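The following pair of complexes shares a single chain, chain A, combined with chain B in the former and chain C in the latter.
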Partner chain A sequence: MSTTLSRVQRVETVTRGATFVLRRLITAVITLLGVTLIVFFLTRGVGDPVYILQGSTPMTPEQLDLLRQQYGLDRPLWEQYLDYLGGLVQGDLGTSLYTKKPVTAELAIYFPATLSLSVAALILGVIITVPLGVASAIKPGSFWNRLSIGFTRFGVAMPSFWFGLLLVYVFVYVLKIAPAPTGQLPIGMAAPPRVTGLIPIDALLAGEWNVFGAAMGQLALPVLALALTSFPALLALTESVTARVLRSDYMRTARATGLPPSMAYGRYAARNIASPIVTQIAMTFGFLLGGTVLVEFVFSWPGIGQYAVLSMQRLDFAPVIGIALLTSTIYLVLYFISDLVSLALDPRIRHDS
Partner chain B sequence: MSSDSRWLRRAGLGALAMFATATLVTACASDSTSNEDSDSGSGEDRTLVVGIGGDPANLDPQAGSNAVDNEISMNTYLQWLQYALPEVTGDEIGVTDVSQVVGEGVEIETSEDGLVSTFTIRDGLVFPSGNPVTSEDFRYTIDRSLTESMGSAFIFQTAGVTDVAQFEAISDTEFTLTVPEPSPLMLPLFRDQSISVLDSVELEKHATPDDPWAKEWLTQNSLGGGAYTLATYEPGNQIVLELNAEYPGAEDIYFEKVILQIIPAEDQRAQLLASGTLDIAQGLSVDSAESLKGTDGVRIEGLPTRAQDIMGFVQTFEPFQDVRVREAVAAAVDYAGLAEFVGKGYADQPMGMWPQNSYYFDADLDNNPLVTDLDRARQLLAEAGYADGFTFDIAVSTAEAGAQAQAVAVQSALAEVGVTVTITQLAPAAFSEQLAADSGQAFIRTASSYVDDPYYSMFLFYTTDAVLNWWAMDNADINAVAEQMRTEIDPEKRMALASQAQELLNAEVPHLVLAEPYYIFAAGDDIQGFVQSPDGLIRYATLTRAE
Partner chain C sequence: MTAEQTLPAKAGAERGILRVIRHPLLVNGSTITFAILILLAILAPVITPYDPVKVDLSQISKPPSLEHWFGTDVRGMDIFTRVLYGARIDLTLSIGGIMIALIIGLVLGSAAAYFGKIVDDVISRFAEMLQSIPMFLFAFLIVAVLGSGGPTLLIVIALCYWPAFFKITRSIAAPLMRTDYVAVAQTAGRSGMGIVLGHIAPNTVIPVLSQATVNIGFAIQVIAGLSFLGLGVPVPEPEWGAMISVGAPRIAYGEWWMAVFPGLALLVTVIALDGMSRRLAKAEGY
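On to the complex of A and B.
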């Protein structure tokens, strides 16, 4: 009897899981389709790119018409959109009007720079804010609590790019202890052979320790700028969730029944605290991947933020849509992963779903 | 102490330890490279580090679309001709002699009737691929340009070369171009970097059935042949050029390597120049230039140019059909204020419709309409039936911060005579589209013609069919003068015709000239040998570093 029941439960769990994944996939496809539709027609409304493409050499109206023909810009918009979707289904994000390179190839150049910045900022931000939030919740009114309040207020009030500028001014130009904001490597230093596109990792793989050190040095200030300004929400959430869990009836009961602290806090409290924190970390990571454009600008960081700005200025449609799609996909994937992690951590969510 | 407190305290200390470790790692990483960085940039004597604002859009010289593209082409490709470069010593700034066009890749001789030009390729020219430079490379360059209607086709067509059949190879090192009528523009146009000589043998290796002219390959690669060759290009980061040892006179060129470092933020370029990390900072605004003035180790030079900040009236819109209205607006603008407060000393007041730094400028004309006189402005408005003023829109591009500041100054000045101005900011493409379609009432932008030739300016901006006739102007007298200039090759007669054109333009007032902006050369004070050229492009081969 019990074997039959557990089999039924397993089938139910698998069915629920499959339904959950399917629903998320359908939502994702509809969302991405919406993104292509909105971005495609919005960018086409900004202007005709042939006037930028002609550049410094004047072109006659006939030459401009020829350019439109060459790039298919003379066709009806709906036809261009359907063409784009046709390519998209086959994994083709289109081609840049300027570099003539596939957008996927260009994203592969620019995205690793943003990824390395975002991952490093995420690691540092989580290392700082999660323990600080927990410590603050444990002892209200303590030094950690006051530090946490100060950190949250600072993060909310200080724009990351402005803080980045201050860091550059103080550490590069005044104290002269940080490298100049010249991108991922100092001027004149050659990048290691490309394997992952992440320069610190590629430098390690190539055994180029000086390049690794230099790359880490270049990361330091932009990562600090992002880590100290992008995590107030995570800090506040960690603090409030921890306080709520520590003061909950079930924790009091757990301690009263003689459970050792490692089990009470390390297992029961941690699992209840982790679920919302994981979701918030995923949201912050998504924000970092898509929202570091101003920090990239300040530090001459060749990431997708810069690529997006450049493409918009040039009215290079395919990269703009490609970047929007990439950013949307990242958000969707991160939310999906955070949902899965929450499902695994919190049985109440499993039950509700 | 309870076991709970001890456990929580341990957790807290653990967190603190992690935070401290993270901070230490970050600080160490930062410190480990700060010294290394000081060795780069100007520390390497034979390496020139130039800060630029963004990536090149296209490395194909025939399709260059911005100053970065053009500067790379100018320095990495063999040119047909060039303006005569002066000898520059010490801290002097040289200025190219636009009345003298000399051979770089070729020597040129033109027949007496001006119809046949014979080009002789200089001895011993070799591309970096090892292929010798031959007549076929020039034919290929023309053919590719015209067949594919590249941006460079404008140069050939304007010079009278509309069909590759006009080319005839006499030998591997000699060829002729025959034009249907004498072209005074051929020499100055053929120094344009967009017609750089292409290594046809090498480029054909990259052609495909779908792309017979290897356009796709050339967008991201370089064939070279100029003083420098493209060594590496890391998008978003840097472009490295290395001295081309095969280039004639390479042994006299000082810088062996040029690093074009992409620093998108203008303020950072300025600060990196001030800190000695950059040798040259390109594209600095007057504000940045002003802020750097007096900084130790930095040299800021404002150099007069032929560029003009213009405010155009589109004559298809009321009330700009009436020349009195255009004159009234011209008389209401405060030119001295614009040069002082917007130009901040890096611009000249205009002296007429023609750039005062042009070889052809006539300073003796007495009908300059660009003189501030509010009473005259009010009187002209009243005569035109607009005594109570009128309202109009000025469009500016969001890419031109200076134009926005000028628009505000114009708005304020015109309010004094009862004219209300609305400023509309447009994205660069939308702005250019509006200009081409003559669909806005007025606009402000910077304009300049690379070629200092009166017919080129007329043909580009002022005849009815001009490709950049942004003002929808249709003046029969101006068309007639331009037509005479088209084939007139006698220098004195061209000068007289240029004066006549300037007088007519001063009377027509198709646009205002708000100011004549300077070129800002911002460099380390040890950088010498700079030669200012009408195209605003830097020739790295002329630069040296003071020992």
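On to the complex of A and C.
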């Protein structure tokens, strides 16, 4: 009898988990479709596409009409949107007016630079803020607690691009211990053979230690500028979640009934703290991928952010639209994955949702 | 708080505002700093003898001195003067943009809470869609459609920040919809609009104000960031981000003052606004 009951419960738990995943998936897909819809109508707002197509040589109205027919611009807007969506699904983000190359191919060139910058900043930021948040929550009023408050205020108020400029002034001009902000490698140094597109990793794979060292040197300042300004939310969350868990009734019970600290903290506390932190880390990473625009610009970093700015200045909008779609898609995918991780870490979601 | 929720909303909210304004916590470093900033911005023409956009070829790239407290830039313009006039531009645009965002958020948040169901779902999804596009790229798209300049920045700030106000209004208003005084108002035959304006909106004022204060700081960072990239307020105008962009290429040559002073003004302003927001939240107990 008891086994049947528990089996029923187990089936119910699994079904609830599946419903949760399915609901989140549907929400993510709807949100993504909405984003493409917003972006599609914004692109129509940029101007009649035929004027962009005609380029610098003016055309007669008849020629423009022909062009409209050729590109299907005379059809109803919703049909055009479906076509646009069909193109997106096949990875067609349009063509850059400036380089005349497909935007997708251009993004493949610029994206790895942003990825290595964001991943490095994420690693440094998480290493600083998660332990600091936990230490700060353990003892209010302690040195760590005050450091954490200071870090949060600094991160909220400090503009990343200005902080980057200050770092350049102090470390490049005054102390002369950092390389000039010339992008991913010093001027004149050849990039390692392209395998992953991430310069430090490619240098390691090729066994070029001097290139690896130079690449890490180039990364140092922009990563610092991002890591010290992008993580106040993660720090605040780590602190509040840890404080709540440590002062909860079940932790007091666990300790009072003699559960060893390794079990109480290592297993029960850590699990409850981990789930919201994972979600926040995923969101911060999504934010970094789309939010490195200013820092990339300051450090001449050849990533998608700088590419977006250059395209804006050339009035070449297809790449900007492509980058906006790419980064919001990544953000939504990360958000969805973090939901799955929370589901695995925190059984309460399976039971309650 | 629970006792207050059963009181008529208007009386409760008015007392709340008075209590917060009179609160001793409100007179502190942040509010005094911000008040001084506003004063400096208003009194700029009295404080400094220079014109913020006048080219002076005899005073190019001078370091800070008694004559030019913050030095001069590559066009010989006095940076101290430009920082003061810059406060006018940055504060006007950020406060204006956030005010528009606040009104949109309050209206849509109250509507979502009042009507619930489909209205709530549609607005909530739309807010999520906007928030899942990275802010600067979304701003780029709007600049691409409308062109750069001050009015576009107002719209950028309004469109980027209304979801924040929508969420907080909705989260406060939705539980209120289930309270007795709304039920009483409904049975008494008050119109939907009347209930929203008279009973729901006033209760959201203080927390929304706290949110608005810190968001003005973030908005200044966005305005300065876009102008720094050349996509906001155009360069000769005394805007802090645009001033930093003039100073940025000179910093590698040791001419630090052009980028440092406008950035410092930006930093101090955001710290003051962040501090004010924290105090407001604390005073109200959120």
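In this text, the second predicted complex is superposed on the first by the 273 of 353 C-alpha atoms of A that agree within 3 Å, B and C clash if a C-alpha of one lies under 4 Å from a C-alpha of the other, contacts with A are read in each partner's own complex, and residues count from 1 in each chain.
Just so we're on the same page, a residue touches a chain if its C-beta (ideal position, glycine included) is under 8 Å from a C-beta of that chain, and two chains touch if they have at least 3 such contacts.
Just so you know, these numbers come straight off a predicted model, no measurement behind them.
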Check: Which holds for A:Ala190: it touches chain B only (first), chain C only (second), both, or neither?
Finding: first
Exercise. Which partner does A:Val39 reach: the first (chain B), the second (chain C), both, or neither?
Worked result: second
Worksheet entry | Contacts of A:Val298 with chain B and chain C, given as first, second, both or neither | both
* To do: With the two complexes superposed on chain A, say which partner A:Asn145 touches: chain B (first), chain C (second), both, or neither.
  => neither
Looking at A:Met216 after the superposition, I want to know if it touches chain B, chain C, both of them or none. Which is it: first, second, both, neither?
first
Please work out whether A:Gln313 is in contact with chain B alone, chain C alone, both, or neither, and reply first, second, both or neither.
both
Please work out whether A:Ala157 is in contact with chain B alone, chain C alone, both, or neither, and reply first, second, both or neither. second
First, second, both or neither for A:Val168, with chain B first and chain C second:
both
Inset, instruction - Based on the superposed arrangement, let me know which partner A:Thr104 touches: chain B (first), chain C (second), both, or neither? - result: neither
The intersection of the chain A residues contacting chain B with those contacting chain C is 46, 168, 172-173, 180-181, 297-298, 309, 313
As the complex stands, chain B meets chain A at residues 3-4, 6-8, 11-12, 14-16, 18-19, 22, 26-27, 29-34, 36-37, 40-41, 44, 47, 49, 54-55, 57-58, 63-67, 69-70, 149, 151-155, 192, 194, 215-216, 219-220, 232, 234-238, 259, 261-265, 268, 271-272, 274-275, 277, 399, 426-433, 436, 460, 467-468
Listed in rising order, chain A residues that touch chain C in their complex are 27, 30-31, 34-35, 38-39, 42, 45-46, 153, 156-159, 161-162, 165-166, 168-169, 172-173, 180-181, 286-287, 289-291, 293-294, 297-298, 305, 308-309, 312-313, 317, 320-321, 323-324, 327-328, 331-332, 335
Within the complex, chain A is touched by chain C residues 125-126, 128-130, 132-138, 140-145, 214, 217, 221, 224-225, 228-231, 244, 247-248, 251-254, 256, 259-260, 263, 266-267, 270-271, 274
Given the complex, residues on chain A that touch chain B span 46-49, 51-61, 63-64, 66-67, 98-101, 106, 109-110, 113, 123-124, 127-128, 130-132, 134-135, 138-139, 144, 168, 171-173, 176-191, 210, 213-214, 216-221, 223-224, 255, 260-262, 265, 297-298, 300, 302-303, 306-307, 309-310, 313-315
